[in-house]
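Below: one structure in structure tokens.
Chain IDs A, B, C and D follow the sequence of writing; residue 1 opens each chain.
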Amino acid sequence: MQVEQERHIKTAVKCEGISKTFETKRGKTYVIEEVSLEVIENEFVVLFGPGQCGKTTLLNILAGLIPPTKGMVVVNGKPVISPGPERGFVFQSVSLFPWLTVMGNVEYGPKVRGIDKETRQKKAQYYIDLVGLKGFENAYPNQLSGGMKQRVGIARAYCNEPVVMFLDEPFGALDAQTRYLMQEELIRIWETEKRTVLFVTNNIEEAVYLADRIILLTNSPVRIKKEFVIDLPRPRDYTSEDFLLLRNTITKMMDKTL
Amino acid sequence: MIVNKRVQSSAAAAVSIFMFLLIWHLATRFSELGNILPSPIEVLTAFFVGFVVPVGTHTMFVHIVWSLSRVIPFYILGSAVGIVLGITMGWYPKAEAVFRPIFEIIRPIPPLAWIPISIVWFGIGEGSKWFLIFLAAFITVTMNVYTGAKVVDPVIVRCARMLGANERQIFTTIVLPSSVPFIFAGLQVGLSSSWATVVAAEMIRSSEGVGWIIISSLDVNDTVQTLIGIVGIGTVGYVLAIIIRGIESKLCKWNKRGI
Amino acid sequence: MKKGMKNLLLSTGSLTVFLLLWWICTDILEIVSPRTLPSPLKVFTTFIDKLTNKNPDGGTLIMHTLSSLRIALLGYGMGIFFGIPLGILMAWYSIVDLFVRPLFDLLKPIPGVAWVPLMIILFGIGLLSKATVIFISAIVPCVLNAYTGIKQTKDVHIWVAKTLGATNTQMLFKIAIPTSLPYIMTGMRVALGQAWVTIVAAELLASTIGLGFMIQQSRGMYRPDIIIVGMLTIGFLGSFLTYLLGLLEKAVVKGWHT
Amino acid sequence: MQNRDNIKIKVSNLTKKFGDLLVLDNVSFEVRNREFLCVVGPTGCGKTTFLNTLTKLYEPTSGEILVNNEPVDLKRHNISYIFQEESTMPWLTVEKNVSFSLEIKRKTRAEIKKSVEEVLEMVGLTKFRHYYPNELSSSMLQRVVIARAFVTKPELLLMDEPYGQLDIELRFKLEDELLRIWKQTGTTVVFITHNIEEAVYLSERILVLSLKPSKVKKELVNHLPRPRNIIDKDFVTLRNQVTELIKWW
């Protein structure tokens, strides 16, 4: 019975034996080795690991931005070979289109996919309101703060109606307090507009606060070290007893890079 | 606080220009410099008088219009071709491989060095001047836009791809807009290069235009005419630059960094 | 590096096609009369011959080149010698900025070539008048770029120095000038270009020797081959001098990620 | 027992206005000799203005700042300031970046050589002395800046959220290193940050600022024994206490 029940829960992202090696002048560097993982629909999974240990490379492979040297990725039942609109991506440096207003940025996805002006602007307005930027539709990126730029990045990815959202350390450049705010905002948005999320970070507090499941990665080469199911009730409290305990055990398990 | 900063700097500007003119005036009045260099008052009056009384064959205004009529159309044509070639060379490696070698031979040759061959090819009339102006604008604009199109931010391109843009859309919605600041930089430099070229071409062979004013003053050894020619060239050059900067600040609001 | 090779092949290919086309139109099919466009072969032979042959314009290619270089580099040297310090002073001391800059802004829009007639009246058509014109056209970019360079000095560097008790001159020499070095180098490169353009213009208008004189003279004598030889020499020398400046810049400006 | 002579800094009624925008509103506090004071405030509480005005980089609108009972003077007082913004000099090698401080203070060649050697050793940059900043990672750059600040053996060290952008493992390491160096050199440290956990971990005393125009909202003494553990009971209670004073999100 258990297996039966398993099947009707749809798998959103699945990858088998993913490896990645880069050819450099000084010979081959093994960045990722034999990573296999499965993410079920509407699950918030955090890829957590020390420093720059190739987490971003793994995320780029899962999103189809760069090809793996070995192994295969399946998203939403279809093999991933190139970037595609069913996978939304928020980059670490956000990189909005500087010449487009907030509205222009958010509606860019539907626009290039040929959706008519009226429907796409209505949808874009919905997501702009969802991320709390009502009233900033005509602002240009160079007029926005760091936190606001992140919100536009998230709205832009959502507006493309992706099945899976990939976020690569989006709050890395924010100060500690704005970061807490953005983490709470992200969870609020995720709970209103459920999507499968793959979130990369090297901040343990952020990982424990956001994740349904944390995949702890080793240092380079990247391998899966351990998986932690986080079943703390939401909204989570950064200074609660079990939050701190969980955070401490994962930090201890983490590879030391220095 | 800011307002009086601007008032302060323009007041200082007025003072320093006045001092400069005063020194110039006193030098021409009380030293032997006076007999080869006219005093500023003479020059300024002659300049304004020149708009009514003809300088040589035409009034100052007509000379300026003649020069502008040569510069504007072929500056625009040269810039347009420059923008197209610059972006294609910058974004498509194959186009770069084909056009770059020939362009690299032509680029270092200053437009003025083309004067003799352009007269051989297009005669001494307007044709050679048009060709030179086209060339001046074309070379500088292509160079600036080419460097711009080559430094399109790869992360932004990846963003667009992730959102589902195809190659053609990447070109039109990402490469073109992000090259706009470089296009304006090119237009600005191209303008000063074209303006210098028309002045030089008119000095070599012409019967009207601001270049003619200053070269013909040589035959009559009339330094007042030379100086009003220089003042005319300077003011028109300055006004043209302001116009381009004005267009840029309107079209390019998103790019605070504007040159 | 396969792609690099392909592009290299494409470049040499397009160059040879260009030369072939030129050669066919002139020598083979004679679509274009040699009086308007000489064939590449003719240009090459004239180049070799002109190296030693004085006529028709009374000077070998080398004599013309040396004369042009001498005057250009003299005016250029003066332009740098006065321009760079003036630009630095204007940017660092607001008094100098307030009073000198307006005069400088008057000078800026006037192309170097426009000064030729005035200088001929004042100093005749000899070396002095040409060198002065070149000096004026070279000083403008030097001042502008040195000025912009100093203004790029980062506040945080100034604060670091101030906290250590640095004097104003220490801050100028130890922070402002090093920051502006790459910009000063750009200024020198632009000034070199201006100087080279202006010497050609001055020689076209009034001179008895120099590359500008040579191409102007050979037009009168219906020798387009010499004109093209002169143009290619001017072009080559221009880029060669810029190349030398590039080497100097690499040696002087260390550590900047250009 | 506040005896007069062991007060390193005494700030009274410090106010700072940019035009009519009031940023610092009548701030008064004291810092004892060799003390590790943490200043923490909500995002946008003008913390950079706070430190810049303290050192007269920004001219204070009113109020008085005394270091060793004399008005603060950057030319006489031996102060080092680590800014939030990356402040290594791209045109200098690591070694030259570090010796920059001593060259400004016109120390002798030998003296510079010795101190630079020592401090490079302390932050583990000896191997990288000839590198240029554009060849180093952001954590290495942070160490160059710290070395440059400590090479002058400052009597007062100001730090503006120096570890804000580093990942957690590195931040813990650099914080412990800072505590070790602070103990070893006996300088007085004023460390300003947005990160409340960091403030509780490092400080002997915490100054809590309010939102702009910022005032001193509260002073808390931090009795936690060292080395501190971020998940132990009292640590968390103090952290929550400070968070309540600041929480705007």
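Just so it is clear, a residue touches a chain if its C-beta (ideal position, glycine included) is under 8 Å from a C-beta of that chain, and two chains touch if they have at least 3 such contacts.
Note that the structure is predicted; figures quoted are calculated from it, not measured.
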| item | value |
| --- | --- |
| Between chain A and chain B, centroid-to-centroid distance (C-alpha), Å | 50 |
| For chain B paired with chain D, centre-to-centre distance based on mean C-alpha positions, whole Å | 51 |
| Chain A-chain D separation of Cα centroids, rounded to whole Å | 34 |
| Of all residues in chain B, the ones touching two or more other chains | none |
| Touching two or more other chains - residue numbers and ranges from chain A | none |
| Shared-contact residues (touching 2 or more other chains) in chain D | none |
| Touch-based graph of the chains, sorted into line, ring, star, complete or other | ring |
| Chains grouped in pairs wherever the two touch, ordered by label | A-B, A-D, B-C, C-D |
| Footprint of chain B on chain A - complex, ascending | 63, 65, 83-85, 87-89, 91, 93, 95, 97-100, 108-109, 112-113, 140-142, 156, 160 |
| In the complex with chain A, residue positions of chain B that touch it | 153, 155-156, 158-166, 169, 173-174, 177-178, 180, 253-256 |
| Touching residues on chain D, where the partner in the complex is chain C | 52, 55, 57, 74-76, 79-81, 83, 85-87, 89-93, 100-101, 103-105, 132-134, 148, 152, 158 |
| Contact set on chain A toward chain D in their complex | 50-51, 172-173, 175-178, 180-181, 184, 202-205, 239, 244-245, 247-248, 251, 254, 256-258 |
| Touch list for chain C against partner chain B, complex | 3, 6-8, 10-15, 18, 35-37, 98-103, 105-106, 108-118, 120-122, 193, 196-197, 200-201, 204-205, 211-212, 215-216, 218-219, 224, 227-228, 230-232, 234-236, 238-239, 242 |
